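Before anything else, here is the set of structures, which you'll find just below.
In what comes next, subunit A is part of two complexes: it sits with subunit B in the first one and with subunit C in the second one.
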Partner chain A sequence: MEAAARKYKAKDYKSELKPIWCPGCGDYTVLNALTRALAELGLPPEQVAVVSGIGCSSRIPAYTSVYGFHGVHGRALPVATGLKLARPDLTVIVTGGDGDGFSIGGNHFLHACRRNVDMTYIVMDNQVYGMTKGQASPTTAPDWEGSKLTPEGTGINPFQPLVVGLASGANFIARVSSSDPVNMAQIIVEAIRHPGFSLVQVLSPCVTFRPEQAEWRDIVRTALVDYTDDAARAARRLMTDDGFNVGKVLYKGERPPFRPEFENTDGSIAELEAKFSL
Partner chain B sequence: MNETSPDSGAIRTLPELLAHALAMESEAAERYGELAVQMETHHKTAVARIFRRLESAERKHLGELEEMCKKVELPHYAPWDFKWTGAESPEAIDTGRVHYQLSVREAILLAFEHERRAAEFYAGIAESAEAADVKQLAREFAAEEQEHIGWLEAWLGECGPGDALATEDPDPPLGQE
Partner chain C sequence: MTVQSVSLVIAGSGGAGVVTAGSLLLDAAANAGWYALMSRSSGPQIRGGEAAAMLRFATEPIMSHDDSFHLLMAVDWENITRFSAEIPLVAGSLIVGDPAHGDAPVALLGGKPRQAALAMTEIAGKIENGRPNMVALGAIAALIGLPPQAMQAVVEKNLRRKGQAAIDASMAAFHAGIAAAADLPAIPKLPAVTAVSEPRWSITGNEATGLGVIRGGVRFVAAYPITPATEVLEWLAPSLAKVGGVLVQAEDELASINQIIGASYGGVPAMTATSGPGLSLMIESLGLAVAAEVPIVVVDVMRVGPSTGIATKSEQSDLNIAVYGLHGDAPHIVVASNSVADCLFTTQWAVHLAESMQAPTIVLSDQAMGQARAIIPRPAELAFIGQRETAKAAVEGERYQRYAVTASGVSPMAIPGTAGLTHTADGLEHNEFGTPSSQASDHQAQMDKRSRKLTQFNYGDHWADIEDAEGGAGDMAIITWGSSTGPAREALRRFSDAGGKARLISVRLIAPVQPERMAAALHGITRALVVEQSHSGQFHRMLRAFYDLPRETRSLHQAGPLAFGPGRILEQLKTWRA
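Up next, the complex of A and B:
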């Protein structure tokens, strides 16, 4: 607790556009946690950019008052990488879902972790493609029979985003639950402050196509062990974890972020465009 | 996993109490407003009306409170440093507990639960605080929350049999074939 009035309030980071997510959706909590985190960091809205791909959760840039880019399915990370490299002064946050990030954008995810550019990736994982009406996603359990496309389940083991992120070089890894927005805000603050690529998995129920996920709030538990900076230990923890240990940072690495040297150019936009003309 | 915060006994000074009250009323007003928008978006006008009425009441409280705080230097609390007894401020309805088929009665009960929590929070401060001004103001705040509880009890009494039922959805979400 500090004795100082803050310049920004969480609502200052929300746009006039009202979300159209289903009532009960975990993504509402993520929007609230993200805006609280930005207020706590005291970041001027014009110094923050939120980048997303496609999906319910990828609508977040429209609901914030900071710079936003609602891009192409699965391509949020390369757009954000380019933005951060061109404008290292900006705080870059990427938001999206499990399908967007781990399937369509799966390869970008691997290499974003590997590159370790200083940005924060918040993945709202509901183990389903909600926007397209409920198909199995990369993180769906193999025996989920809720989609007519996979009536007997996919039969495929789910993608393990935190393990893969760790193995690929993500510098900060945490898992939180949408049932605890204040804790989520705290973890997002830590993720933004930590240099390099920060990955935050949010267990965010899809109340429409995975109504059984409403039980997650009763299943999740606060992780007992504090974070480690030892990737091997973190890997062992994550490999033996059931996916419901939440609320704490799991791994904080010390790898320096990727910051390429640039030569400043005095060229105008027209001159730059001319170099790309065919 | 949400019961992690210390109790309301940790609030001992008037600025601390006002900082908590300001956060609580502000979050409650915003949350009721957000829920009203959600329900309006899904054409649940009767439920939306409940949340709008509550938003309006909270905004009135908030305005009075902001006026009261003008001459007080309030301490800053990070969202996770507030002395709530749950994950969020007691009056803010958990967004994960609503549904597009929420009935009027369910909406009132949900609001009732959170208004009661708010009243208990202030009552707890009134009981545990040592400073007379903190006790007095916490009692006043608790009484204001009791007033909301009274409204909600009255609204519950006015509910007809249809208000208890989840609204029918003529076009329910179906997985894509």
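Up next, the complex of A and C:
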């Protein structure tokens, strides 16, 4: 569709609120790409909900002009699950960071992948807790010594979100870089369109607490191969890459989404009560 | 007139068999036109193991167990001493055991009950496919005056699928039990009821809670299993589907509460049920529902705490966490069911309160009510249906204020899908638009409105059940809540029958507190007895903090799982000289 013919523009999905993020934060790009993707999809703002937990990237809902829900730390996925199951007509998007999603919210991440409710989870991974001023997150390298909390490094291997997501049943897996907003928008469009639980990992540098991540822009490369629908091949690819293959969908599954039906049988409370009647 | 009733226990090691036998007896009592209450107590085994079904029958509605049991029918003695404290037996009581399993344990004999033998195993052995349980039921029926045809109908209904031979075998064993009972000492018999005067229901507290949820308008339930709340959810799963609702099993309680917050934000009234450990996990998100102003209902079917505590037994000790557990100043609603039947009323009311005030509402039930089955007069139809004030359309030239500061404190809520009213609901403190704010003035204004919507709401007479002795309230009151209301009610009745004057105040609306209504209820009262089942007297302390109590106020409290019998409360009333 030509941009001129579109019903909505990216800015129609942005609120007037100025983000609290640091200048140069990768999350600005995600906000831009997300709003661009919504414009591309032509979704009426009131038909979209963005749900988040706590952290820098979890601030996104208020920066959009769609319906937003900013909940507690780690629980964005269950809120979104309840919302989407209760309101299947809405397009539900979850945004958050690596700490929110993979540490405090880790169990929900597993089960959201497994449950495969039709929604899109965009994780801005910067391998650090930014809002609390720079602690190691589940995706931080074991030898990172930049935190006062773990001055000798964590000594623990990082969590592999895409491998775990695949193993848990995510129906769509992609990795993108905040250095390429146009590509990111396109991948988000695909993720939203794909039925079931879509997981998009964004390499989104934290310029304040991980200034060395500025190099990511030069390290990332466009993945050489297109997506597979073979989970075993996807697993091998994900387990052998270095985390910097970006820009393409890695896996698309065909599993039908979990969608319990609300049947229209109003008026039978009397029937339920009759069972108690003597 | 004091209740004419008969109380008995069926105990044995075949857990399911004992509870099933109790259920059959309850159903038969229903056929006989009686009212009944059946509680169960189980050991820690997952399946089988020892169990006891405690039953009380009467020719009029009852809400409490008696102080002691007329009859203990022991199918065997396996681990029965684990229940001995829950089965008070006195000089008039009768223990009936099977000689095949030896003598009654000494622990049961402290109250000097009578003893008799019934060769259940031997008698059952003479009947093809005869079962000792049915022999026991026959003997019980003969002892308490239950007409055999009342049981016949129950057995036919329950064993229809197993065929006529199974029905015949069961009834043969039942009649053999009746015959054998001729040799047993007598216990009180109930009169037969010729014409039942009103429609009756057979329902458990947990089922009544589930029905209240549906009647109130809830159509989304998230579930994580936990004893003793699971039956609420298991009843709701198929029942919700019949009325256009959905139940989803969540990965944990953190997920279940956040799922219902999401569903309710989406405009569908939502609830979950749990017990103490699950409530503990949900507390942070209950605060989220307060701040984001999302109506939800959380039912806590209380069990003995702290920690895993005694998972299968009852206690009223989650009052503190329900009222004070949330961090920050977090105005929310706490209500308490006070009988099996009232689980329906209170839960339905809770949905109404949550939806009307856009605030989380905790319903406190407990194992004693939740897992009890009762034959009760059919509950009244109630008009409460959750009515959420919604914003329907954008006003030209005005930006929608999700958290508008209104006189009532309730701000019309825009449901996702409504054009022109998009906003972000937030657990962060915010201004009236929902925009995050760390300003003192916004915090003050939002705190005021969240508090105001609860304090200004008209709760009507439902805040408490208030009942007086026939001669009037006099100068004495029993103040209680939850399942302690049953025995307190019966104590008041016995006191009244003996010419005593007193008032019962059973508080249904635990929070927000109602000082003016309580002051009116305590007008003329100079002595108050506070009755509750908690080790530290949580309810008494709460009353002390928020209400002007009579100078002479006594606290009668004890830890679970032992419940108060009416007699213990009555004793306090009778011996309390003005």
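Before moving on, here are some points about what is shown:
One rule holds for everything that comes next: the second predicted complex is superposed on the first by the 258 of 278 C-alpha atoms of A that agree within 3 Å, B and C clash if a C-alpha of one lies under 4 Å from a C-alpha of the other, contacts with A are read in each partner's own complex, and residues count from 1 in each chain.
Methods note: a residue touches a chain if its C-beta (ideal position, glycine included) is under 8 Å from a C-beta of that chain, and two chains touch if they have at least 3 such contacts.
As the structure is a prediction and not an experimental result, all values here were calculated from the model.
When the shared chain is aligned, subunit C comes close enough to touch A:G71, but subunit B does not. In the superposition on chain A, A:V79 makes contact with subunit C only, while subunit B stays out of contact range. Applying the stated contact rule after C-alpha superposition, one finds that A:L224 touches neither subunit B nor subunit C.
Once chain A of one complex is fitted onto chain A of the other, the partner contacts of A:K133 are limited to subunit B, with no touch recorded for subunit C. By the touch criterion defined above, A:A232 reaches neither subunit B nor subunit C. Of the two partner chains, neither subunit B nor subunit C is touched by A:A270. No residue of subunit A is contacted both by subunit B in one complex and by subunit C in the other. By the touch criterion stated above, subunit C contacts subunit A in their complex at residues 30-31, 199-203, 207, 211, 214-215, 219-220, 222, 239, 241-246, 248, 250-252, 254-268, 270, 284-285, 287-288, 292, 375, 378, 416-428, 434-436.
Across the interface of their complex, subunit B is touched by residues 1-6, 9, 11, 18-26, 28-29, 32, 36, 40, 132-135, 146-149, 177-183, 185-186, 205, 207-209, 214, 217, 220-222, 246-247 of subunit A.
Residues 17, 44-47, 49, 51, 59, 61-62, 64-72, 74-75, 77-87, 89-90, 107-108, 110-111, 260-269, 271-273, 276-278 of subunit A are the ones that touch subunit C when the two sit in their complex. Looking at the complex, you find that subunit B touches subunit A at residues 1-2, 4, 26, 30, 34-35, 37-39, 41-42, 73-82, 87-88, 94-100, 102, 173-177.
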